[in-house]
Amino acid sequence: MTSPRLLAGLPRLRGVLPLLLLLILWQVTAPARSPYFPPPSTWWTSFEAMSRSGRLYPALASTVLTFAAGLAIACLAGAVLGMLIGTSRAAKRALEPLLEFCRGLPPPVIVPVAVLLLGYAESLKLLVVVWVAMWPILLNVAAAAERVDPLLHDVARSFRLGALASLKKITLPSIVPPLMIGVRVAVPLAIIITLLVEMITMLPGIGSLIVTAQRNFRSADVYALLVLVGLVGFVLNSLFVIVEDLLLRRFPPRMHKLQ
Amino acid sequence: MRQLNLSGTLTILLVLAVWEAAIRSGLVTYEYLPAPSAILVASWTLLRSGELAAQTLHTIGAVLLGWAIASVVGLSLGLALGYSRTVRTYLEASLELLRPLPGIAFLPVALLIFNFSLSTELAVMIFASVWPVLINTMGGIMSVATRLHDVARTLRLTPARTVTRLLIPAAAPSIIVGCRLGLGTALVMAIIAEMLGNPHGLGYAVVSELQAMQPERMFVYVLAIGFLALALNAALVAASRLMLRNRG
Amino acid sequence: MAERSDVPEIFRADGVGLEFSLQGQPRRILEDINLGIKRGEFFTIVGASGTGKTTLLRVLGGLQKATGGAVTFRGQPVAEPPEGAVVVFQDYSHALLQWRSVARNVALGLEGRLDAAAQAERVRASLRMVGLEKNAADYPWQLSGGMQQRVQIARALALGPEAMLMDEPFGALDAMTKATLQDEVLRVHAETGTTFVFITHDIEEAVYLGDRIAVLSGPPGRIHTLIEVPLPRPRNQIETRQMPEFLRCRLAVYDAIQAAGRR
């Protein structure tokens, strides 16, 4: 088929029909004040109301900031620790069982433990996000650092690069693609955990807004916030894709995928 | 044959020993950080009273049930999407819009509808776990369908046989991966739902012990969740190895 | 033809051996290697698989330590890769830094040793020598196999080494690319006077390129025969390969390999 690329994507838009039909059906059949299934038009009105009341944007900012800061710190910590573990066989063997256990621990469990140890402080949110988002990054970087092509080690020695130069010129660039793969996994995880912490601790953020709305049976608010969360997630993911593209442009295409 | 990781085991023991010594000697006075020995005592108490078993069973039961339903739904949808281009054209975009919704944001909606019950837990689990199963099934079927389409035609297989005898077995590795991911997701969602929505199970126990200021008991439940996750994963890896043992 | 017997030896191996133990059993890879490679010589090494050719190259290049005997480069014992010798590997795609441009790959050995202007000049000169000046801004993964191998050669040349050690550098390339690169290597040899130690399993390549050929037997690897190649330079793909001397050398190498295999 020789249809131009842009037009080739359009027929897929037909796939939106079921969702659209569902929303329309919902709008038409649900009573305006339904406690469980308020029609979509009410979502928009409650969104406007929340937005005007001044509660929405500070909460949104808090959530997005925690996510961004947490992810950034997790990248740094994951990269550094991953490199340390990946390049030292002794460290890897000593820490392996501990790492496996921490990795397998479902992220939600971290929240009560952190609350116990740190109390309901703002730093709690950030620390939990960092901890949870760090693991996929750390593990990916460690695996990659371990697997740097031995031939590159020979090249480094043949050109008499010192240990520091070796690290900077060969090991570090080699881990950028796996780092991005780890971050790709960490992004949705960080979003979920940020919301979870807010929901459990009621610290400021979209999560606590949703819980408040639900406890007060303001169902339209709940749905409106749900859509908002979906949109925010979509935007954050798209931003990540752009950054990933920029960083991986100079790497051969085969390294962009999971190995 | 796996050799015992000596330095790894020693590291864990060292951490536990330092932890114990620090608390006992008063060097570290975290009001709420219990010593490993205290956790051990609490776990014995909870075992004997049957509470640990009861909560664990609830979580396991809920996870398996939710995962089973999610797998059935995910498989069926994934199959339909993978097999038929028409279905894909008229459905895929809708699903892609729904997928980014984090399962956790769905919890308050479930609470509104089902209140504090098992249904909430199941609803949240199913909503989140369907996706890995669906996507992997769809991807698996699509990748084998192109190759095997001609095989099916030349052997003049009926659509039903094509699907059951040809496509599903060929896509089995992808499907199994999807189910494994789905189980992991189901466990995470179950814990979340139990913490916030359904007052039963290990997730609920952790939060309730936190609020009752019982750190030793809380840690017991935390460790229980950790071990449950390991056990489920190990069981699944073994099962998938068994199912795929005849392949290269 | 200039007399080379009075030219000093750049590489010297005396009684060199390499052995290690695998699962409790001792394995000898090299045994009693004695050779002297003359400065400016094109020395090729051939042998069947498993005769330890690559290991010998790595020992000469300082990437591996001999467990017995003495290896010297310019009279100094070799323990680590010595200043003045560079290794070129067969697997070019893994030996190059795929995330660096061609120019920056070639500069790898110069960084921290020369200032920016001198680096740029050396890089330009090396790329010119292998005919890749126009590809300085490309990435290795955008280039063909032959071009990537040329980048590796340029990278080695940028250091202005006295010796280039090449481990089956053209083994992964097609016949036409191979022929082109063989001639390039010969041209570099003629222009710079660098000593070449070249491993190959291709007998014809060994004769076409070399001044002397060492045939290895093994395992464990030993020097079975040393064959002189008295062919005139510059060499030519068509003419040289048709000379009776070429055919005679080729036969001698072939016989030596057969004999080595029978031991």
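Per-chain residue numbering starts at 1, and chain names A, B and C are given in the order in which the chains are listed.
Quick note on the criterion: contacts are C-beta pairs under 8 Å (C-beta built on N, C-alpha and C of every residue); 3 or more make two chains touch, one makes a residue touch a chain.
Just so we're clear, the structure is a prediction, and the values are computed from it rather than from any experiment.
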Nearest-to-centre chain - CA centroid comparison: A
Of all other chains, the one whose Cα centre sits farthest from subunit B: C
Centroid spacing, where centroids are CA-atom means, of subunit A and subunit C in whole angstrom: 50
Centroid distance [mean C-alpha coordinates] between subunit C and subunit B, Å: 56
Separation of subunit A from subunit B, taking each centre as the mean of its C-alpha atoms, in whole Å: 18
In the complex, subunit C residues that touch subunit A: 61-63, 80-81, 83, 86-87, 89, 91, 94-95, 97-100, 108-109, 111-112, 139, 141, 159
Complex contact set, residues of subunit B against subunit A: 5, 7-12, 15, 30, 32-33, 88-98, 100-109, 111-113, 187-188, 191-192, 195-196, 203, 206-207, 210, 215, 218-219, 222, 225-226, 229-230, 233
Residue ranges of subunit A touching subunit C (in the complex, touch as defined): 149, 151-152, 154-155, 157-161, 165, 169-170, 173, 176, 250-253, 255
Complex contacts: residues of subunit A adjacent to subunit B: 11-20, 35-36, 90, 93-98, 100-101, 104-109, 111-113, 115-117, 188, 191-192, 195-196, 199-200, 210-211, 213-214, 217, 219, 222-223, 225-226, 229-230, 233-234, 237
